[in-house]
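The structures considered in this document are given below.
In what comes next, chain A is part of two complexes: it sits with chain B in the first one and with chain C in the second one.
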Partner chain A sequence: MANITIEGLCKGWDFPVIDDLSVEIEEGEFFVVVGPSGIGKTTLLRLIAGLESADRGRILLGEREVTHLPPYRRRVAMTFESYALYPHLTVFENISSPLRARKKDRATIERRVKAVAQLLRIDHLLDRKPGQVSGGQKQRTALGRTLVADPEVFLLDEPISHLDAKIRQDLRMQFHTLEELRRVATLYVTHDYAEALSLGDRIGVMGNGGKLVQIGSARELFERPKALFVAEHLGQPTINAIPSILQEENGSLFACAENAALRLALSPQQSQRLNGGAKRRIVLGLRPQHVRPADELRGRDSEIDAQIDIFEALGSNGIIITKAGGVTITGLTHPERHFEPGQDLRLAIDTEALHIFDAETGLSLLEEPRWQG
Partner chain B sequence: MAATADIAQANTQAAQTAERWRAVRYLFLIFLGFWLLFTLFPLYFMAITAFKSAAETNLTQPTFWPQEWFPENFVGVFAEPTNFSALVDSFIIATGNTLLSLLLGSLAGYAFARFPRQAGGENMAFWMLSNRMFPPVAILVPMFFLFDNTPWGTDSHISLIILYLVFNLPLATWLMMVFFRDVPHELEEAAYLDGWKPLRAFVKVTLPLVLPGMISVAMLCWIFAWNEYLFANLFVGSDVRTYTIVIPTFTHGSQTLWNLQMAFSLIAMIPPVVLFIVLRRYMVRGLSLGVVKG
Partner chain C sequence: MTPERKEAVVSEIVRGTPSTYPAWFSARKRSKPLIVSRRVPILLVGLPVLVLLAIVIYPTIWMFYHSLRDTNINHLFSGEHASVGLENYRTVLSSERFHDSLWHLALYLFFGACLQVLLGTLLALIIYEYLKSNLARALILILLVLPMMLPPSIVGTLWRFLLTPSNGAINQALLDLGIISSHIEWFNAGVSLWSIIIADVWNWTALPLLIVYSGRVSLPPAVYEAARVDGAGQWKVLRRITLPMLKEVIAIAFILRFTDAFKFVDLVYVMTSGGPAQSSELPTYIAFQRGIREFAIGEAAAYAIIIFAISAIIVTLFLKYMKRVMKAQGLA
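Our next item is the complex of A and B:
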């Protein structure tokens, strides 16, 4: 049972992939890593597992430095994106492999494998070979092999990405309560932002330059992203990012979309944070949840005229994609409402919830620049 | 109306195509039949010759069925007792060489597959394979002098076991490299993370997956060593004799005892044929490559 401490970790091939990455993950913590494809999430897990050797930096499990230990001395369990199931062994033998490697007695093996297989609902497949089960069942077999291992650290690389929505939901709920996972440190890589927000005690967003751009709770990341990159990566539909210029008029600040008619008044608090800065080029971050038809949202809103481009009725909400003053803005509405393309409507925007990012650096201008939380 | 006509026309066309394909298939079958005759006839002639009398083998008009059966030929070939021990010697040499080729070839193949850069890369592996491309005669005499200067000399099992590595080891290395490459490295990595040490991971995961390929390689090596004549003829002869150098001894001066020669050859065919039959199940999978995908 141990924390994971990573200090100044570097790894690259012909270009740096992980660069000076430091993070500490507590025992029992569920730490989710999100980030775009090819950014180095798998590489980070492989470094912790010992499958890649670090160019620089240290990795500690508890008090023990493992940076140069081979994988079989680290007590780390990992799922592979490709599952890496042993094709010549049955599902049972695959799952029991970590137990057999550690010379557990037959009864224990039988009991633990059965329990895990039941949890993952593959107990009826135990005698099959991996070639004879479906992709989702393979993924669950791989997850099973990881879960039985009783390691100090779990590394889960998109472990439920290929399952159908229902089983995924079920397993997500299981992850919340699963004792194996809650006892030890878990690093969980996912592309699914809902999974990240739901599971992560903390979430680290991995960005260009091989660092964790921001680390924090789901709420923190969602409500106070420190960079446009983070805001764009978390949230569905994606945040509206509108390149704009700050203008001052009668002592208050406005954000005007570049080359377009859209103009939003900023609140006094926001103006204060921005500290003048007129003519500055910014990116306006506007979450779709804060853009609604004017008859639905009331209060401290600015209203603008817009025209419907596309309307999508999803189960729990409706998505409206509109043109307002030459800018495409995505907003939400009730799913039972109906809009026709081309229809005019008034949009209400909750300007209190606006995010403002520097156009050059992409960093938030409203949040304190507190890096590597 | 037009539609019906179209369909009718399409049907005739389909029928014509089917007709043409059937013709092609028959032609192909006829060709295969000839091919079969062509390849099987020597075997057939060898088999019946083994049962003929010495006189019958020398008729100017060959017979395609023995006039009289002489199964005694199969006893006659062992009148010279060293003829039997030659089969044993061949067996020892072929098996010893195969085991050594497999052991060394697997190690080298694994290195080329997993650590290509450290092992010298694809070029190195190909260079090894290219060792099979020169005419063996080119090294016949130098090899003789080389082995003559070793403690065990040329006339020994060990000399041929080692010499045949020149031909079998490159082949074994190259093929094993291909088979190991087909086993995703991630499987071994998963095994390490399960807690298996490298050697155990190799035995538990990699070895079973390359086994069919390995058996095919074993067959190829074994048959090469079993049938080798050129080097054996020069190297061994008194302490050790391979069966291949016994076969010419059935020619005395101007007369060849074809029946005995064929009987002995037939006996010498038994071990490889039995091996083939026993191992065929694994072989076919191995030679069709891409052994373990999935």
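Our next item is the complex of A and C:
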């Protein structure tokens, strides 16, 4: 058992992929790295597993430096996005392969594999070959092979991304309840923000240049994103990002959408945080759940006139895409309501929940800029 | 009831069109069928069948028929040959010449065909494992494949030349290196078959090499990474992952080399003509010799049928094995 310490890790091929990444993952922590495709998430896992060698920086498991050790001496276990099962071996032999590689005796292997298979509910498939089981069962076999190794660190690479929604939900629940994963440091990589928010004790959002743009709990990341990139990556529907200019009038600040008629008053606290700065170019971040038809939201809202563009009634909520003063704003409503395209309505906006980002750097102007956790 | 629906029901009652179809749907032909006449399929299948009949099936039947008759040059065309029952088979199966040639065939299969597959597999894996540059790989593959592109007559003549006992290049090289102290008589009885096998290995090792190499290239790299994380050593990876996953590919290489072995005549003909004293004859070569050279058609036909039976059995075993492997992997 150990925590993972990564210090100034760098890796590149024709271009830098991971650039000066530092993070510490506690023993027993479930750490999720989320980010768009091709950003370097898998590379990070492969560096920790030892499948790639770091160009610079150090990787420590507990007190032990493993940066230059071969994979099998690092005591890590990894699941691969493609599962990487041995096609010619049975499910049993697949799961037992790390134990056989470490020359454990027959009885131990039998006992441990049976236990893991039972846990993952694949104990009835042990005699089958990977070609004869379903995708979800393949995934659980791959997970079983990882669990049985009893490593100091679990590395899980998009383990459930390629499964259909129903099985994905089942397996997500299983990740919550697997004691094995909760005992040691687990690094879980995904591009699906819902998976990340659901599973992670802490979440690191990986952005361009292979940096962790922000690290924090699900709530922190969602409510107080430190950068527009984080806000845009988490949440569905995506946050409204409105390029605007700050204007001062009678001592209070307004955000005016660029080249459009939309104008929103900022709260006194926000104005104080921004500390003047009129004429400054910003990006206004407005989560759809803070935009509702005026008759649904009460209190500290400012109201604006808008026109419905598109209305989508989903199962648990309705999405309204509106035009307000020449700006497209997405909001939420109750699914049982109905709107026609072109219909006029008053939108209520919870300005307390506004996010304000610098137009140049994309960093939040309301949160302390604190990079790399 | 909507007017359309009413129409449909009426149509069902009046015209007998089932109302399960919507009213707009008429049973007219929706698309032109690809085959416009019943004669087309017969023609398409029939022509190849005719060709096959003419060049494969008829000669085979002809051969089988004559394997039961005393056909020879004297009455091949007059048709005065008489039935001799299984006499031809008895002659072949009891002849020492045939027994010897079977032994030669076994040696050739084991030290020729098998060695080629083993050597090819070994080379393929070494090239894949230790040559990482694509250019180097391409160059060495081209070099190794070159012998395969030469016609057998050239290969045979070349190796006759190289293996010439008195001043051939091979003997000279072995002498210079101090491996041997006197000339090896490459074309003496008992040695000449080995000369043929050496030339054939040189000629054909590249085929299994290419097959296994392409098989190795297409194995999923993630599996190897999983093995590295599991902590499997190089030897274990080779024995427990690479070779089992290449099983059916290697089986294909074996099948190709074995089927070739049964029609292997060219190098024998060019290098030794089966000699000296029939010491390097293979069954097929005898069939060729008896039939085409000496016009003992009946006996040659019996040879051919027996060879056909042996090769069919061996190849069937290989195919069975391959099917089992593929079934086990869920591929078939």
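We adopt the following convention: the second predicted complex is superposed on the first by the 369 of 373 C-alpha atoms of A that agree within 3 Å, B and C clash if a C-alpha of one lies under 4 Å from a C-alpha of the other, contacts with A are read in each partner's own complex, and residues count from 1 in each chain.
Here is the rule we go by: a residue touches a chain if its C-beta (ideal position, glycine included) is under 8 Å from a C-beta of that chain, and two chains touch if they have at least 3 such contacts.
The structure presented is a predicted model; accordingly, all values stated were derived computationally and were not measured.
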{"item": "Combined model on chain A: chain C and chain B, fit or clash", "value": "clash"}
{"item": "Touched partner set for A:130, first chain B, second chain C, both or neither", "value": "both"}
{"item": "Which of chain B and chain C A:327 touches, first, second, both or neither", "value": "neither"}
{"item": "Partner chain(s) touched by A:98 [first = chain B, second = chain C, both, neither]", "value": "both"}
{"item": "Which of chain B and chain C A:51 touches, first, second, both or neither", "value": "both"}
{"item": "Per-residue contact with chain A, leading partner among chain C and chain B", "value": "C"}
{"item": "First, second, both or neither for A:84, with chain B first and chain C second", "value": "both"}
{"item": "Those residues of chain A which chain B touches in one complex and chain C touches in the other", "value": "49-51, 70-72, 76-78, 80, 82, 84-88, 97-98, 101-102, 130-131, 145, 149"}
{"item": "Contacting residues of chain A [partner chain B, same complex]", "value": "49-51, 70-72, 76-78, 80, 82, 84-88, 97-98, 101-102, 130-131, 145, 149"}
{"item": "Of all residues in chain A, those that touch chain C in their complex", "value": "46, 49-51, 70-73, 76-78, 80-89, 97-98, 101-102, 129-132, 145, 149"}
{"item": "Parts of chain B lying in touch with chain A, wherever the complex brings them together", "value": "184, 186-187, 189-198, 200, 205, 208-209, 292, 294"}
{"item": "For the chain C and chain A complex, residues of the former touching the latter", "value": "220, 222-223, 225-232, 236, 241, 244-245, 247, 328-331"}
